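A short worksheet on the structure shown next.
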Amino acid sequence: MATETRTHALKAKEYKSDIAPVWCPGCGHFAVLSALTKALAYLELPKERVALVSGIGCSSRLPAYLDTYGFHGLHGRALAVATGLKAARPELTVVVAGGDGDGFSIGGNHFLHACRRNMDLTYIVMDNEVYGMTKGQASPTTAPEWSRSKLTPHGPGVRRFRPAAIALAAGASFIARGFAGDPSGLTRLIVQAIEHRGFSFLQVLSPCQTFRPEQTEWKQQVHPFDGEPAANDLEAAARIHADDGMALGLIYVEPLPVWQPLAQPSASLAEIEQELSL
Amino acid sequence: MATETRTHALKAKEYKSDIAPVWCPGCGHFAVLSALTKALAYLELPKERVALVSGIGCSSRLPAYLDTYGFHGLHGRALAVATGLKAARPELTVVVAGGDGDGFSIGGNHFLHACRRNMDLTYIVMDNEVYGMTKGQASPTTAPEWSRSKLTPHGPGVRRFRPAAIALAAGASFIARGFAGDPSGLTRLIVQAIEHRGFSFLQVLSPCQTFRPEQTEWKQQVHPFDGEPAANDLEAAARIHADDGMALGLIYVEPLPVWQPLAQPSASLAEIEQELSL
Amino acid sequence: MNAPDHEPIVSIPELLAHALELETESRERYRDLAQCMALHNNPDVAALFEQMAGYSELHARSVEVRAQGYSLPAIAPWDFKWNCPEGRETPCLDDVHYLMNRRQALELARHNEIRGRDFYAGVAAFSPEPEVSALAREMADEEQEHVDLLAQWIARELAQLEVLLEDLDPPHIPE
Amino acid sequence: MPDDRTAARSALVSVAITGSGGSGAVTAGMILLEAVGQAGWYGLMTRSAGPQIRGGESAAMLRFGPEPVDCLDDRFDLLVGLDWRNAARFSDEIPLDAASLILTDPGAGAVPEALLREGPQIRALPWKAAAEAVSQGRLNMVALGTLGASVGLPLAALEAGLKRTLAAKGPETVDPALHCLRRGFDLGWAPFATTSAPVGGVPERWVLSGNDAAGLGALRGGVRFVAAYPITPATEILEWLAPRLEQLGGSLLQAEDELASVNMIIGASFGGVPALTATSGPGLSLMMEGLGLAVASETPIVVVDVMRGGPSTGIPTKPEQGDLDIAVYGLHGDAPHLVLAPLSVRDCAFTTQWAVGLAEHLQTAAIVLSDQSLGQSRAVTAPAPEPTAHLTRLRQTKPGERYLRYALTEYGVSPMTEPGIAGGMYTADGLEHTERGTPSSAAADHLAQLEKRRMKLDDFDYGDAWAEIRGDGDTCLLTWGSTAGAAFEAAERARAAGRPLRVIALRLLAPLRRRALARALEGSRRVLVVEQNQSGQLFHLLNAHRMLPPTAGRFARPGPLPLRPGEILGRILGLD
Amino acid sequence: MPDDRTAARSALVSVAITGSGGSGAVTAGMILLEAVGQAGWYGLMTRSAGPQIRGGESAAMLRFGPEPVDCLDDRFDLLVGLDWRNAARFSDEIPLDAASLILTDPGAGAVPEALLREGPQIRALPWKAAAEAVSQGRLNMVALGTLGASVGLPLAALEAGLKRTLAAKGPETVDPALHCLRRGFDLGWAPFATTSAPVGGVPERWVLSGNDAAGLGALRGGVRFVAAYPITPATEILEWLAPRLEQLGGSLLQAEDELASVNMIIGASFGGVPALTATSGPGLSLMMEGLGLAVASETPIVVVDVMRGGPSTGIPTKPEQGDLDIAVYGLHGDAPHLVLAPLSVRDCAFTTQWAVGLAEHLQTAAIVLSDQSLGQSRAVTAPAPEPTAHLTRLRQTKPGERYLRYALTEYGVSPMTEPGIAGGMYTADGLEHTERGTPSSAAADHLAQLEKRRMKLDDFDYGDAWAEIRGDGDTCLLTWGSTAGAAFEAAERARAAGRPLRVIALRLLAPLRRRALARALEGSRRVLVVEQNQSGQLFHLLNAHRMLPPTAGRFARPGPLPLRPGEILGRILGLD
């Protein structure tokens, strides 16, 4: 128990901007925003050294609600923007936020490769098993039989995308699941994710009040993961296999080689030009 | 062992077109072409009912070398073309062929979603751990320390993409590994892959003579998988975990729900227009 | 009342730290809700939440007054020893809807006050330190007053509990 | 603003209904539109909303009457405020003047200043009380009743519209709503507008959005496969199509992204099934490589781009004609293809169907440039017409000895086989190729295939549908797509004011019809190119091909506000 | 063909070396080019090859001499055949005439008919025997020796060139090669060409490809981050940059695809580090959405597009100027940005550096249109010059109270903070936004930001570098990019033939400089727009903006063969 005295230089709410979220009252994304500000305050990160990068979607609106640097980019491309930013500016704390559609549908390829690359980024996916922003279509994490979208009137009919399993297979070094309805657990996971050196993937069950009102039942369905976080991928695979998708906590963490270009100048431009000369 | 007498309507070579491959002598892709024609002949598939779809790369040149229908499309998009074709024309045998760059780098997202969708497609990736066509850059399956590409002079430095593990996590229902140097084993796997109802993923170790000459050693390194193919994903995960990447054979096969739109006309256009009328 | 999952609270500063967190959190949450309701054109409920935020603010001040002379421990957000399953007085963000009426908002607030009361009552019941128990009892009683007050307000409220009609306006898509 | 509307146009009435989320402003508008149709009138309705996903303030803006309606008016006759929270945001979109009337219940609060600037009248109505008197009653239905009465709609039409719109909600909703409607109707003091219901039988009317109409055009054109990724404001095309494709034995596939969707439809089309996707600017950007493949491999596909405010993510819920450039020029290399634009909500059906026919017949990619103002507006119209020529794919079902997929034929179109046809096997390729399809980098093959792909489009006889031409006179408005409605009306007004005016509204934007346009422009001394974007994309496109007289001017104005007839008229009057 | 070359140009010599895979034709060409530089001459070398990945027939085509060389000639003086397998494929690329000479060893087989059509002379040489006489000897080195002697290169220059080129291979390779070279040199009967080595000291010469030069321009411009995905013919830019970026403390990241690479450089640039990517047509297509984001969010980035034959996958190894349209118009919505094109191999450095400076300074996206003929050609040149103005990003390092990222400033450029700067926090956005960056759909914000983004580009003073202008007279060639070399030479020849000619070669293609171009065109009566594509993309672009006189004509011819000066001259002479 961390009972040592810490001087919180900034309060959580000081990490918030003065822009009012457009989210529907009751949307899970509010809790993620709030937990994130608490985590940043807990970690005492100077606001200007933090950058929040997102794609497009309700969840991806998050950066503007924080008083840090932010980039609200294109649908599905947040991880790419963040990768470039981190490669060029390794000293920054770069957090990527988005939705299940943004991250697992259109952004799936960057997700795979960001896991493999294992840069020191934190990726928070607010998973509501739906495309909120575009009025409720099935996302990759939607159950095959969910038939409320007009685009898939018999349900998508396709196996659900399993974020943790994919992240593990792709090579992520930190995998966790939080829940918008468990704010302190979520705050803790965000802190751990940011503290982890390497690519931390945090799936947050974040109900969509408007298009998936039945998700209010998640409160009753979530439960903590059994046992300790896995420390290697075999254990992790077993945990994920036993997972019902509603277990919360840190699933897996392992120190794996982090990719980061090293900036060690060793020549001048003049020397380089000299090579071209005969 | 299939020793019953079959009347082979067409010989393997009759599935070949008269176009000479541009591949380098010694390239593994020749063996894939030859095994594929044998498999088609064995399955007695009418040439006009087979469509080969590919992206861009040395491996993706394959369709033109077959006397079936073919589509040589865009880099990374072969699975999408094949998905549309199969959705619209379910009675065809649709085989997708390409390289590790095409399939796992630029095409990674379609790979994930094709596995999930589990349409009745066969996907053959000729993996040479390099971008052959563009003169030898690291691909996702390249070892982190391989430093022969000028783009990554210290090696890509990133964990290798594990095709079988990703396919499994994404939901493929048939996963196998063949080797260009084992033509009859390869033919058999292709036959099994085509016969499997659902998305069959077949990784073929197919050496690049030109940019990875050291791959001639693969002959010494390959070995059969231990035991029987897994019939569920937990077993499959264990097999893949124990895998050194050089084991050959059928890794996993499970009958999972296949996605295929059903064409059951139930109304006429006139009736549909009627709905618009007041 | 269930026994706490956590270790009991054993000192006055620790209790005060919890109380302060509880009230500031609840103020923040009510503020968020008020802002959100205002943005969603529900001024009645927005005003009510703003009022609740004001009360929490007052409570936080009074805890601060009590805490004078103590040095409060800094506790990580997840290390608070909340003893009821949902935690504390903070309103849940997901129990709201843009069409909610005052009556529903008051029910929500009452629910939160009850949780706060139960927290203090739990500390009073389970803390091994009599001094802590006593202070917690005092605080639980204060919370009980809030609960009762809210019950009175609810009784006076004309609005029904359910939203009257189905929401006929389709959602809109800003991106 | 002078009343320069023609007699016909002044028989149209413009009303807006605003209210915050849940007040039912949009629902009331939908019912009103249905009622307009039930009365045998024509109508148009567009919507606007705040940035919130739910519960935001919203507005339904309608114009209707006995004449076809293809654009909103410059001003509104009536504004119904169900409540006034944040309604000020709509002051640009709902221009009022001294002749306008605001209907509201004083209990709903004060009308925002921004709406009162030009001095509209306010009429107080006891809607709240009337609604409260009905169990489960709702104010919006009462207001709707009053509004309906005031514009001269028969009660029966309103009732029928209400029942049709709310049918799915069951009698618990419908009955009190009807009750309220009638109470409100009784509060209507007298017909506000000069319009009245048609005498004799009520003619057939359709109610549909431009997105619905585009879906219909696709089905009529023979499209039986759609793959797409949701995006505002195109999603409703997909929503409309999904169940209907299935009814016709086709299918819709929700793809993982737009790269997938465009390539999926290429696959289906290669398989012989006409295929289409729908998207908006950001998605179109992602499809450019696929479009190039369709062009080079000569695989017919259609992409409907429902344009929104740009650039980049831009303003997703608002219209702008900003994607003409990318649609015409956005493919790398020389990649001739088709670009079309529907001219009205109803025309989305015609133009999409024609696009499918042309793409199939010419074996190329077609882009249809609809926009938010067409796609998400609903109209009451006469049934949508179909193109006269039935264009289909030239199929080779009995290929001879050595089938040449890319044979150099007289018109550049080479008969196409498809999987399943014996002896017709070929490999489609995006690499430059020989007539047979074998990759080739020879100059002769490249030239021949480039020329074939150009010629088959340039030399085709597109008939009359390339543009809608109305009126004459030596002043000419040249426009395209959704702006056509406002341009036509501006011209009508100019004519009514004694100034003859010609309007050419282009439906076919690539390839441009040089000779036909020259003919249509003959005798015009002044040309004004009208469009809704910043840079004047059509103006530049026509200049690029030297199709404009050197004195031609442009009136290009970006979104998000609609181009209004009066605005265009002002430019015309200023032309001398 | 009449010999209408100027005196200077006729001092240049054109030679080609062909042979099948493994014969060393390309290596011989590389050595020859180095030797040209060692001799203090100028030179240019391009390559061609069959479709095979290895072992295909290939050709090295060179032109060199005492004057700068920016294009190949219409014909070749000398053709060296190391063997003749499949050499017929090069007959279009290596035009020979009666004055041409083929050097070959009769043992290498018969010269293909296609090469003999115009009656070149053949000289038989005993290269095979000479090579066999040297242990580990190779025919290509013998042939190179003969060739070098015949064009008047000093043996020392050839030896130095050989050593430099083969250094990495060690003495086992170098020594026998030198041996062969000398033997071959001794077989050279007399200088073939009129050229001779410069008298006095040898001036500084660089040997580099256009792709190398683009890399250099990037570094000089301050680029320290590159993310890219390999594609022909752009990959060498990345290969050149990867180690050098690292030496300068920057980095190159091989991305998973082009969608990633363009977004990665946006991220790095948002972080304050100038960033670039390089690609070709298919990759550029995939970057359009990202480019739009850079424009809307005002994040500087540079994309170098090394064009190849199009459309679609097209002809990856051959040049074509087919991507002007997509580069200028390929973004959805109104998205003003920069498009530039280098005018020669050497100019790839200048133009890329300028593009980086402009993108940084104007906070927008810049596309540099190089092509295969520049990128993959190697040139011997004088050192590359730099732009005079040093353009950098306008940074706000001490933001005040309320920092407005998208402030409406006088020139449209708003000072930019970056992560790490306290008080400068903002969220960059591709949604339309207020000055602060908050999403907004208000008409006023949209107009203001659209106008800001337009104005900052249109009103900037680009100085003189927007074009290279040479000569005068009332006939004018207008061209862009790689075609400039041939156009300049055509003009020289025309002048030499007594016909004054002006050439305007555009380096800045967007935004176009209306006034400067009008000034440059002043007094010209005939204008011919010259470019290497099918549709005449520059011609249409200039017309779009009414920047051409109505009589202007075009000479647009697609790839894959290079535009040759004689071809252009023919058009000019035919102009009356």
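The first chain written gets the first letter, and so on, giving A, B, C, D and E; residue counts start at 1 in each chain.
The rule is simple: a contact is a pair of C-beta atoms (placed from the backbone, for glycine too) under 8 Å apart; a residue touches a chain by one contact, two chains touch by 3 or more.
All figures in this text were calculated on a predicted structure; none of them were measured in a lab.
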Any chain in contact with chain B as well as chain E: A, D
Chain whose Cα centroid lies at the greatest distance from that of chain B: C
Chain whose mean Cα position lies farthest from chain A: E
Of A-C and A-E, whichever chain pair has more C-beta contact pairs: A-E
Inter-chain centre distance, chain D versus chain E - centres from mean C-alpha coordinates, in Å: 44
Where chain A and chain D are represented by their mean Cα positions, the distance between them in whole Å: 38
Whole-Å gap between the CA centroids of chain B and chain C: 58
Centroid spacing, where centroids are CA-atom means, of chain C and chain E in whole angstrom: 68
Junction residues of chain B - those touching two or more other chains: 74, 76, 105-106, 108-109, 112-113, 140
Per-residue overlap in chain E, given as positions that touch at least 2 other chains: 51, 246, 252, 256-257, 259, 282, 289, 293, 297, 312-313, 429-431, 439
Shared interface positions of chain C, touching two or more other chains: 39-40, 42, 98, 170-171, 173-175
Of chain C, residues touching chain D in the complex: 39-43, 98-99, 164-175
List of chain C residues in touch with chain A within their complex: 28-29, 32-33, 35-40, 42, 71, 73-80, 82, 87, 90, 92-98, 100, 170-171, 173-175
Contact set on chain B toward chain E in their complex: 22-25, 56, 58, 74-76, 105-106, 108, 131-135, 137-138, 140, 150-153, 156, 210
Touching residues on chain E, where the partner in the complex is chain B: 51-55, 229-232, 235, 238-239, 242-243, 246, 252, 254, 256-258, 282, 312-313
Residues of chain D that touch chain E when the two form their complex: 51, 92, 259, 281-282, 284-286, 288-289, 292-293, 295-297, 309-318, 320, 322-323, 325-326, 328-336, 429-432, 439, 441-443, 446-447, 450-451, 454, 533-535, 537, 540-541, 543-546, 550, 558-561
